[in-house]
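Think of it as A, B, C, D and E in the order they're written, each chain with its own count starting at 1.
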Amino acid sequence: MRALAPGRAARLVQLALVALLAMAPLLLGDFRLFLLTEILIFGLFAASLDLLVGYTGLLSLGHAAYLGVGSYATALIAIHLTDNVFAGIAAAVLSSGVVAAATGWLAVRTRGVYFLMLTLAFAQLLFTLAITWDSLTHGANGLPTPKPTLGPGDGGGALDGGTAFYYYALVAFLIGFGLLRAIVASPFGRTLVGIRENEARMRSLGYGVARYRLAVFCIAGAVAGFAGSLTVQHSNYMSPSGISFEVSTLALIAVIIGGRATLVGAVLGSAFVFIIRDELSSAFNEHWRLVLGVVFIGVVYLLPRGLSGLPARTGLLSRRIQTTAGGSA
Amino acid sequence: MIPGIERVSPTVLELSDVSKRYGDLLVLEAVSLSVDAGARHALIGPNGAGKSTLFHVITGTERVTRGRIVFGGKVITTLQEHRRTQLGLGRTFQQTSLFDGLSVIANVELAVQQRSGLAHRLFPSSRGRTRVNERARELLELVGLEPREAILAGALSHGERRQLDVAVSLATNPTLVLMDEPTAGMSRDEAMSFLSMIASLPASLTILMVEHDMDVVFELATWISVLDAGKLIADGTPEAIRGSREVQDAYLGEGEHIAKLFGPV
Amino acid sequence: MDDAETTLTRREVLERAGVAAAIMSVPAVDRLTSAAGAATRPARALRIGQLLTLSGPLGSVGLDLQKGFVTYVRQNASRLGGRKIQFFVEDDAGDPRTALQKAERLVSEREVDVVTGVVLSNVAIALRDFFHSAKVPLIISNAAADELTRGESSPYIFRAAYTNYMIGASMGRWFYRNIAKNNVFTAAPNYSAGQEIVAGFITAFERAGGKIGGRVFPPFGTVSDYQPFLSQIQGERPSAVFAFFPGAEAIRFVRQYSEFGLKRTIPLHGAFITDPAPVLNAQGSAAQGIGSSAVWAAELQNQRNARFLATYERLYGKGEPSTFAATGHNAAQLLDVALRSIKGDTSNQARFLRALKNVGTFQTPSGIFTLDPKTQNPIRNFYLRQARFEDGKWQNKLLSLLGSFRDPGR
Amino acid sequence: MTFAAVGAALPGLLNEHLVSILNGLAVGMLLFTMAVGLSLIFGLMDVLNLAHGAIFLLGGYVAFQVIVGEGQSWLAGLAVAVGFGAVAGLALGGILRPIRHRGHLDQALLTLGLAFVLSDLATIFWGSDFQTIPSPVFLQRSVEVLGQFYPAYRLAVMGVGFALAVVVYLVVERTQVGAVLRAAVEDRAMVSALGINVGRVMLAVLALGTALASFGGVIGAPILSLSPGVDAEVLILALIVIVIGGLGSIPGALVGAIVIGQVQSLGTALVPQVAPFALFGAMVIVLAVRPEGIFGSR
Amino acid sequence: MSEALLDVRDLRAGYRRSVVLQGVDLAVREGEVVALLGRNGVGKTTLVHSIMGLVRPSSGSIRFDGQELSGRTPDQIARRGLALVPQGRRIFSRLSVEENLKLAHRSRNGGHDLDSVYELLPRLHERRRHRGRQLSGGEQQMLAIGRALLANARLVLFDEPSEGLAPKAVDQIASVIAGLREQKLSALLVEQNLHVALKLADAVNVMTKGEIVYRATVDEFRSDPKAARAFLGVGQV
């Protein structure tokens, strides 16, 4: 029961994509590379949200909370203990996982709009906490953090410069994304889809649904925390705006535009959102939101499967889609 | 119980004195019933007799108000639904309840992996996966859906959905399968082929079904229990039920004398 | 240069017409001059990044800073330090992480020589390490966080405006002498700018001999209604209140201060609470008589101010510039004076930085301006202005000079 | 009820914090105008209208244009804004129609996109500066309440809010139109089998709900000031109100609004440090204890 | 006789994948009560819902008084003169009895009004201020019938009116319908209670597996040995 048994062609496409990503520093200028790094990190975050929204059918409007917890954990570790990247990541994954467990315990018991509101509430609570807890978070001014290092002690193997960090982020992204891929392809991932499709039947098959929901909520939270850690390591700064409603919304929009329950769609969607924001913000001033909103509405209307469903729609690549649909389904 | 008929097989499911009350409404009244291992046990009765409720208290969707339910030697009266499933109590649904967005085989695999303890595994061995896949194929073969394994469940015909529903239920390795009106909404041909599929299931499997179609009931059942207005009014072999006056009254209303009700089929 | 033109032309699409026209005309002039002097191959244009908050509630602040900057440039034949210039404008939307992205774009893609702007303190703090390690000079024209002049100072960061400390301190002595000596309350949102401005005020007020009665710090950004805090203040019966609130919060606080009747009995004055014009207009009669400090006033009688006002009007039409336009103007002038001292040659960056640091004293529309080489932060005049209804509109009218102020540094 | 309980438990509180309590009611009533429409729309159509905040903001801007821009009377501004809100609701109905058959989450997503677009359109027309509608002249004063001054305008908002609550309650609970509405919330198909065009009922409710949001934007403008961001702020508050009160319930919206009003006002007065958390804390607690909200039924 | 009031021809309908009605023909003439019998799940309710417009038929025709109903919305169909007494009553539980009735009211000269319905069903008058959910099952059924009467329809569709009621309540409901029959009400009566159906109807249709397999007058039905077997779905007819 290989969950995704893509044909050899699809595997080649994947390899080509990874190769392309690996060569990116040779092809792109500093700023584009910077942007690509941001997209990969945000894409990982959005993909973790897709685990909830797409695979399990839980629409969260507060996923930035876990990104934020991870970011703050990394920032605080870097400032007070060590700027080693692994320590930062460990702290981020652990703390965001724990916070997700605590909040998820309540959230997974609710459905639909109530779930949406509870996740929003938790995110706003953490946002308020970040602003108010001045002694820890430096309030709205935020925390500048030292540059991360790869080596054991402080200052050893600093990840200085865009290219070095890009490779670091790419590896981290591939690990995180690969993990998510493995999860959705695993029996556990199948279980999640089962819960989304038919919760009652899952129960009658002997599944304790609440446990699985909580588990996926924690995993999604921990991966978001991982992305949060990378975010801070990239920008060397964290402030409450990183937990804001807009961050959660943009991730959700990325997932929907890219296509639910595809993971790759979440990354594509993130790229789309970033490009609209960064290219159009120069052209249209603040009105990139208008453009994004219109595109988003169009996708919800016309492309329920998002941009990654587009090839199937237009008939292109329809053979490939069929094989994956048959294999994954 | 009809005298003269001996029950020899061990009892799989036993309900003692089960009552269910919704507010003022007593839906089940002191129902005692046992289901023997390997039986094809049918539960019949006019509309509103309480068959569905009885079903629900057995599966655990509803709790009994009073009484005791023993399954496989264990008291399951207050057990949660999924725990009962884990003990070997399977069911099919009146409205077929499947995972429409998944392929036929994936539907069965979901059920198989639960039983094989793989469900919460993030990184299962490939052997484990293969086992799950093989078992799922076996089950599809059993219900005759093997050629359709790659189709999305949502694209199946109504009859095929019922077949798949049975395969999914069997995947939980039940000792007893409850079937809620399995042939409802089927055309006659579909019903008949469904019937032969059920007949071909291993004899060790016990089946308890609610069914309205008397053809189906008399074709398949080895034992029949009749429920009326929340009470068990008859319990016996098909032959015994055919002759029961109470059953006739329950169905037609007292005093309706119409030809012979159950002729030889 | 084409690049600059397209950047700015695209901006024009949704820009308020006046600014767009003005910015566009800059490269137009450049084109003329470069065509004429093609033979002599002059040094390439100075690339100036402007990192501003142009959208969201503080969008008008960024816009005003930019207008002021452009006004100075236009007064000087579209040149700074004799160099042609090219603008690259980026909107940070008031978000530090967005700002970091835009800064990266300006530095690595646009390869700017210097960046000016920055509206918000948290944006400035987020940018500090970036500019420090990118080694590109940043001239802050508004963001006032104290720490960038103190513990977190950087040789690459200069300020053309002020620190929070200075804003608060400017009102201390005046308050003691003219409003109240004892039992004065402070009110400001509970975030660092609020705390720093209040701290500056208290330092100066107590140094003058005054006594503080109490402090009220409503949470920042989450309060739309000050009634509970106003009731608390009312209950304590202070002799006067010093307040600082930014933007929308200033509107709400000042209006509610009046609506809940406090204004009848407890005088209210402060820093930046009736600025800029949209805020004052929204406050309306609730702001009547409130005094607040500012680094510039339209009525200042000096030649440079007259030119500033005239050019500004020519570019953007009727309507008084805001104090932000004045600090934007200051930033441009600071850059110009420094560039002139090295004849516009920025090829040696160490020299460029030294020039900025030692730019010294010069006359501006806001009066005499000195860059303190120790802190890279100005020593400058603050003025007292009062909100009044005159000539059919609400205005902040100049009352007096509060004095010259500087930040103590670390 | 909350009111009485607080008063009985802490006799001194009422006097000391009367203004805060009063103010909580005014804030609550403003929220109610917003929340009741949101709740009605959800109850009848299963649509969580995330564009409700944007309509609130646009309603305020429209009235601003009429009153401040064109120099017309307050009443004219209010009327135009309410009309605008109603038209926006009808348009929303048309936009939602093609995806009625999809789940309510897809519809919520669509309204989220609309919210993005609408609030951005607002900044194109009215900029990002604060715009304020001055309160009507005869309300531009303060009234003395137990020795403290209180703005007359807020008293008026409170009064209008209460009146609105009473009117909405009476219309829904006591009239034929209201009966249709309640029936449709319960069993849409059966209502249509009785010969009533349910589609039209739903459109009417959408128009009413968004007209109320727009109305809220107008009467809220003198208190809150209009600027980008106010839409999200108010939307989140209204969502909390209806989640606490129970989705689809009018008394729930009223009680939820009063609770949130008091949390914001009295809560801030009593425990200023905790107040910022109290809002979401209250919601989390209600959902933990009674997941369907105080007046909700599932 | 003249053309039937309701004339269903070769009607096919279903939900998503399952075709529930596989070509149903059925007619109800003016002033006639036609019973539709059949066990659970054969498609009786689907047929009623198709006639009422609650389910969209996939093919076939439903003519009412000469006009095609198929494809129209329930409210349009109701306004043409059909009323439904649905399975499970579907009373609006939060509305009072009187509100339930008023909601359904369409006035017609010489038709029912609130008073006449209260007179016919005095129990409803007693409980007119009670909410729907406070009524007993029998009272709810009366209310459902009252609703249909106030619609002043030309044809009433009764979907299992005796289902889930206590025997006494079944008798009451049956006598109410019997009374209406005296007044020349045209109706399609779906029933599982054979006793009730035979008492109230002029003609009987038996449905199995989405088709009508037996049709006769009540008298014929009583004397036909195949009838009961058809009813119970035992053996092919």
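Note that a contact is a pair of C-beta atoms (placed from the backbone, for glycine too) under 8 Å apart; a residue touches a chain by one contact, two chains touch by 3 or more.
Every value quoted in this text rests on a predicted model; they were computed, and no experiment measured them.
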Report task. Using the contact definition stated above, find the chains touching both chain B and chain E. Result -> none
Query raised in the report: Of all the other chains, whose mean CA position lies farthest from chain B?
Result: C
Query - Distance between chain centroids, defined by C-alpha means - chain A, chain E (Å) - result: 55
Query raised in the report: Between chain D and chain E, what is the separation of their C-alpha centroids in Å?
Result: 44
Query raised in the report: Where the centres are mean C-alpha positions, what is the separation of chain C from chain D, in Å?
Result: 38
Report summary line: Taking each chain's mean CA coordinate, chain B and chain C are separated, in whole Å, by 77
**Report entry** In chain D, residues with contacts to at least two other chains
**Finding:** 123-124, 128, 276
Report summary line: Touching pairs here come out as A-B, A-C, A-D, B-E, C-D, D-E
Query raised in the report: Can you name the residues of chain C that touch chain D in the complex?
Result: 14, 55-57, 59-60, 218-219, 222-225, 227-229, 231-232, 234, 247-248, 251-252, 256, 259-262, 264, 278-279, 281-282, 284-285
**Report entry** Residues of chain B touching chain E in the complex
**Finding:** 46-48, 154, 156-158, 161, 181, 184-188, 191, 212-215, 218, 251-256, 258-263, 265
**Report entry** Touch list for chain D against partner chain A, complex
**Finding:** 42, 48, 98-99, 102, 104-106, 108-110, 112-117, 119-121, 123-124, 128, 232, 236, 239-240, 243, 247, 276-277, 279-281, 283-284, 287-288, 291
Query raised in the report: How about chain D: which of its residues touch chain E in the complex?
Result: 176, 179-180, 182-183, 186-187, 189-198
**Report entry** Residue ranges of chain A in contact with chain C within the complex
**Finding:** 29-32, 34-35, 38, 128, 131-132, 134, 138-142, 144, 147, 162, 231, 235-237, 239, 241-242, 278, 281-287
